[in-house]
Structure formats: C-alpha cells, structure tokens
Amino acid sequence: MRLTVHRKAHFNAAHRLYRKDWSDEKNFEVFGKCSNPHYHGHNYELEVAVTGEIDPETGFVMDLKRLKTLIYEEVEVPFDHKNLNEELPEFKDLNPTAENIAVVIWNKIRKKLRKNLALKVKLYETPRNFVTYKGN
Amino acid sequence: MRLTVHRKAHFNAAHRLYRKDWSDEKNFEVFGKCSNPHYHGHNYELEVAVTGEIDPETGFVMDLKRLKTLIYEEVEVPFDHKNLNEELPEFKDLNPTAENIAVVIWNKIRKKLRKNLALKVKLYETPRNFVTYKGN
Amino acid sequence: MRLTVHRKAHFNAAHRLYRKDWSDEKNFEVFGKCSNPHYHGHNYELEVAVTGEIDPETGFVMDLKRLKTLIYEEVEVPFDHKNLNEELPEFKDLNPTAENIAVVIWNKIRKKLRKNLALKVKLYETPRNFVTYKGN
Amino acid sequence: MRLTVHRKAHFNAAHRLYRKDWSDEKNFEVFGKCSNPHYHGHNYELEVAVTGEIDPETGFVMDLKRLKTLIYEEVEVPFDHKNLNEELPEFKDLNPTAENIAVVIWNKIRKKLRKNLALKVKLYETPRNFVTYKGN
Amino acid sequence: MRLTVHRKAHFNAAHRLYRKDWSDEKNFEVFGKCSNPHYHGHNYELEVAVTGEIDPETGFVMDLKRLKTLIYEEVEVPFDHKNLNEELPEFKDLNPTAENIAVVIWNKIRKKLRKNLALKVKLYETPRNFVTYKGN
Amino acid sequence: MRLTVHRKAHFNAAHRLYRKDWSDEKNFEVFGKCSNPHYHGHNYELEVAVTGEIDPETGFVMDLKRLKTLIYEEVEVPFDHKNLNEELPEFKDLNPTAENIAVVIWNKIRKKLRKNLALKVKLYETPRNFVTYKGN
C-alpha cells in the first residue's frame, strides 16, 4: 500500500532575482521590482511529500519526526534568516527563483532519503505564488 | 527539468444552478437551494497551475507576472462582480456548476498558453467544496 | 471572571449595493461594480463573540451548542443561498453593505441572548474585507 | 471530460500510537510522546476527492450533497468525539497512525462509490502533518 | 507608546467534559458527546498577546524569543500530547472547557510577566470554537 | 452607530534588526539571527481597521475602495519589494522591528484619515508573530 506523508516547515529569507552577467537594465526589464539590488524577502512555506509503502509494523511510511529533523537540518538551518544570493553557495551562480530554490531543496532532501521513497516539494514564495517539483 | 508554477486569484459572483428546460420543481429536486431563482453567490478562489521546463536563462517556467495578467484578463475582468447565468455568454446554455466553471476557465487560459505547457485549474466554490480539472 | 466565547459560521448569498432612490449612474458612481443590477455574491464568514461570566458549575460562559443553534436559526437559515436585496425583509429599504448586514445580524442575535451577556459580531465579506460591530 | 470534486470535513478524536505486543519502553522508543497511555487528540481535517466524468445533464461529477452525507455517515458519525483505539473496531489491532486512519477511511468510502469513480483522501492530523492515499 | 505583540503556539491534547460529582447521565445531558468517558481530543491553537510600552532602545515591547520560550515552558511542555483530565493537576477538580483551559494558561503566563505588561490569551479548541480571556 | 471596517493588504520586504551605535556582537546578542548583516525578509500581512459612524446614506463607515487605495499609496508602493533599513527614510535611524513598522504605518495612514475616524493596525511579520497598534 503506497501512501504519501507530508510535512510543512518554513523559513524567512532575503533574495533578489538577477543574473550577474546581465546589466541592471536587463535585470529590471526581465525581473521587475524583484531585481531590487537592495533585496527584498519572503516567509517561505515548504511542504515536503514522501511516498512509499506503509511499514506494517509501525503503520508509518516514514517516521515524521525523522522527516521533520531532516528538513530542519537540510533546509531550515542553512536557509532561515539568510540572504539566499549572498550566503548560500547553491545560488552563487543560480538565480534564486522559487523554481530554482525548489530544485535545490529537492536535491538536498533526495540525497538523505531511502531509494524506494518518492519525493515531491511544494514551495510557497507568497500565499499566492508557489511551485511544485517532483524530480525527473 | 519539469516544474509546476501556481498562481492564486479570486472573483466574486452570483449564480444559480438550473436548467432552462426543466421545471422549477425538477430544478429544486436536483439542485436544492442552489436553484434559488433569485440567485446566491460565492467568493470563488482560483488556483492556476502551469507545468513546463525551467528556462535556464531566467530560472522561470513562465513569468508569474504574465500568468497573473493572463488570469486577470481571461477570468477576473469578465467574471468578477458578475451574475454568471445572466451576464456570461459561456453559461447561456450551460449550468454554472463548479465543474463547468472550471472547464470554461481551463479552456480560456489554455488558448493563451504555449503548447508545451500543461495546465491545471483548481476552483474553490466555498472553503469546503472545490474542483480540479486538467483537460483531456 | 469574564471571558469571551466565539463561534464561526458562514452563509453564501447574492447582493448588490444600491439605493432605489438614486439613478443607476449615481449608484455606479458611488458603489462601482458592486452596484451591478444582475447582482454578485459572497461566501460570508461570521464570527459571533459572547462575553460573560464563567458558570462555575459547567465551566461555560454559554453552551456553544446553543450558540451554534441560535446562529443557525437566526442567520444561516434565513440568509444562506438567498438574495439579500430581494428576499430579506430587513434589506427592503436598507443597502446590504457589510456594515448594515452586521448590524442586522447583531440585532437578531441580541434579542435572543440573556441581558448580562455582551455581543460582538465580525463579518467577512471577502477574506480581505470585513467589519466588526458590538452595539452602542 | 474527467474532473475531480473535493469535499472537506472534520472530526475530533483521541488516540495513542502503540502496539499491544510491544512493551511500553519499545512503544515509547518508536512512537515517543504519541504513545502516551493516557491518550492525546487531534482535530482531524479530511479532504475527499472523487474523480469521474461530468454528467452532461446536471453538470456534476457527483452531487456534493450526497458526498457530504456519505462522509458524514461513514466518517463523522463513527469517528467524531471518539477514542480511536478504544471505540473503533477498525483499530482494535491496527495502530491509528494518520496513514492507517486514511486507509480505513478510504476503504469505507470506496465501498459506497460507483465503480467508475476514482477516490483519493487527504487527512490532516495537524496543520503541519498530513497524509494522502488513493488506493492501489 | 503602548503596543501589543502576539505569538501563536499549539498543543495536541485529549480531554472530556464532565464533573466527577455528576452522574454519567447528567454529564451527557449537559456536555453531550464531549463527555465521552473514553475521551476525545483537539489541536489547540493558542495566541498570547502582551501589551506594553515599546522599549526605545530595542524597538521591542518584549523580546518575542523570550515570549516563545515562556509559552513553550509554561504551556507546550506540560500540555502537549497529554490527557488534560488525567495528567494535569490544574484540571483534577476543574472541568477542562476551553474557558477553563484559557484561564489556567493565563494564570501560568501572568506569573512570569513583568507587572507593567497586560496579558490576553485566545484559545482555539477547533477552527470554529474559540475563547478569549484577559484577566479581571 | 459605530462600526469598524477592516482591509487586508501585504508587502514583501527585506530587513535586519540592529542599531548602528551598537557593535555587531551586541546586535547579535540582543537580536540573534534577525541581526544578520546580509538581511533576511518577510511577507508582511497588514490589517487596517477604521472605526466610525455608518453614513446612513451609503451604509459605509468609509468607502473600502478608498481605504484600499490609501493603503496602496501609503504602504504598498513605498514598502513592497524594498529593503526597509536601506531604502525607507523612516528607518534610517529606527530599528525596523514589527512594532516600529506598525507605528510608522499607523502614522502614515492616520494623516490621511478624517479626524472622527479611529485607526488600528495589525501587522503580521510571520504567521506566528504579529503586533497591533491603535495610537496613543
């Protein structure tokens, strides 16, 4: 029996959307006020979904306490109260759009999960804008 | 890398559920108080989900500013503060159930999206009743 | 010991903002698209707050089951799936703004409460627009 | 045209996570404070999703009033204000994890639906922990 | 300049409403299914509001990190995943209605706050039922 | 008849908590990770409450379209997608705590309201931390 377990978490961070190899004008043309050089920020809400078989012994797909800890260590500690562009090595040359942040988070959590578990992440940048990614 | 970007919007509208070719009694029997001839209304909440490849240059699946504008022009302007039965040509001969409204919205947005993008809409009629449609 | 107990309820209704003694132009000038003659509608969310002493025997300010029933009879039954302008006698000559609806609801519930209980109502017309009224 | 209709419901219940054939120490080691022998409880939020063809006559996938009644009879009446471990025969020998509760609810509703309708349930144990199940 | 700072927290607990000095019939008559002898439970959501002067040096009414810790120690640790009737000395002879739980929480936090700060608590038993208490 | 009308809005901004006249160590000691020199950010949610008499002619305390515009001009345009410390003159020498931001917003809106209307603002820094201010 395959089920999906979901766990929510959040982090607050600053970012700006821009490419170093573009002029400020080009960045503003494409990314608008999101390219503000002084940064802006968000309360990112994250939902992590893990799909697998129920363990008949425990009744768990995976222990949500372990998933909570994994999200804390892989996402909340490194991302919370940080400037994504300036302080996260993953975004040194990668534009921190919601899409790219979701892919980075997915890759970090994927490495820590057992192979037989499927992973999907949903990332809210604002209550009205969000993205979902389930790998390739 | 395929991701899904989501954008929320809303509109307030009046409607009633009924078929012109049925008697009032038959309409009431099938649609209950939703068939009230004087109409009732809802704050419809809409989530539009677009799936496609990340553009490696921008880090976007599609520019959410453009998706916001598209929803505004195709849904919010024509539907907001309207009587769906009386003022929307799409529902002249189509019962404005949540299901049919979702299909109408999906068709309107589908026409404006590039072919390689997949589309799904979720429409909340109330916080407890909602529908999802992703085409055929 | 005075405490406040709160109970949420909701109803869906159609309405339009207008005055019969004004022209359509004047109504549109003042009330904008809310004056649409074909009506529009909302999912109204209602919070009723009752303040009084805790009954030391039951630990209740008032039995919330009774408050739930009272809101059902006084508000949900008469208002839900109705056209406020056309079907509610209270709005025959009263513009159904959120403010006026809140006052009407407050007056209806006030009559059914014991004198030593204070009453406040909060009415959401949309998730972004709401009013509160606690009598005079 | 296949669409999905969704209906939310809720129930409040007590439970504990434990296996009768394990010692208290083993139960605490695996389930932590969720194994408290005196029980704890939750406001469970349930979303039931039914997928099928739109009936061209009514514009419904299925009548949501009927789905609401079905959830009430199959889930809310038997589960609400109950102790899942002590009062529900389904959990006499089954650990009431969110996963197992979701499977039990899915099986109960599945039996009452027409064969050509697909079913998915989402169960929130807390606003941050939830599971989804769509059968096998 | 007096402002109010608010902090949300939550805990999950089992309880039943009843008086030891009443018969089961009397308890059921007054408290209905909430008097179930096997208990039921809730995800309690708590909002703590502290009013005082802004400290011109820090710009804080009080450090929210300290308020978060205080709520954790005084409420979350003793109440979370507990049976309020069986395991909390405060409810040994006090019916754990939302009203009484709010008063108990208010008293516990009040003792730990500086005298010049005012305190109000809001406690959600369910998303539709909640109480507020600000002392006497 | 005095009522209160409420309008919600939001803006996304970067900030850090610190005092220029303190060392980095002192700032970190008092403000913790909120003092990160690279900034972090939030989706600020704002509720503006205006209390006054109902105008018997319109049924409005004040036109919510005007309140919406006022909030847009006084708060959303200057604050959205900005770095509060670096780009807002109000915070040049004022620590942008939620308390101080609420006072600044209150003062800006207060100047634009008629004298006989009372004003209160509620500002959410995160879904769990928020402040309210109603002037002196």
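A, B, C, D, E and F are the chain letters, set down in written order, and residue numbers restart from 1 in every chain.
Here, a contact is a pair of C-beta atoms (placed from the backbone, for glycine too) under 8 Å apart; a residue touches a chain by one contact, two chains touch by 3 or more.
From a predicted model like this one, the values you see are computed outputs, not experimental measurements.
Listing every chain that touches chain A and chain D alike gives B.
For the touching copies chain A and chain B, the fraction of interface residue numbers used by both falls below half; the interface is of the different-residue type. With centres computed as the average of Cα coordinates, no chain lies farther from chain D than F. The chain pair D-E and the chain pair C-E differ in C-beta contact count, and the higher one is D-E. Summarising the inter-chain layout, the chain whose CA centre lies farthest from the centre of chain C is A. Between chain A and chain F, the centres computed from C-alpha atoms are 28 Å apart. If you average the Cα atoms of chain A and of chain E, the two centres end up 34 Å apart.
Multi-chain contact residues of chain D (touching two or more other chains) are listed as 127.
Listed by chain label, the pairs that touch are A-B, A-D, A-F, B-C, B-D, C-E, C-F, D-E, E-F. The residues of chain A lying in touch with chain D in their complex are 1-9, 49, 54, 57-61, 63-65.
Residue ranges on chain F touching chain A, taken from their complex, read 10, 12-15, 33-34, 36, 38-43, 80-83, 86-87, 126-127. Chain E makes touch with chain C in their complex at residues 17, 19, 30-32, 94-100, 102-103, 127-133, 136.
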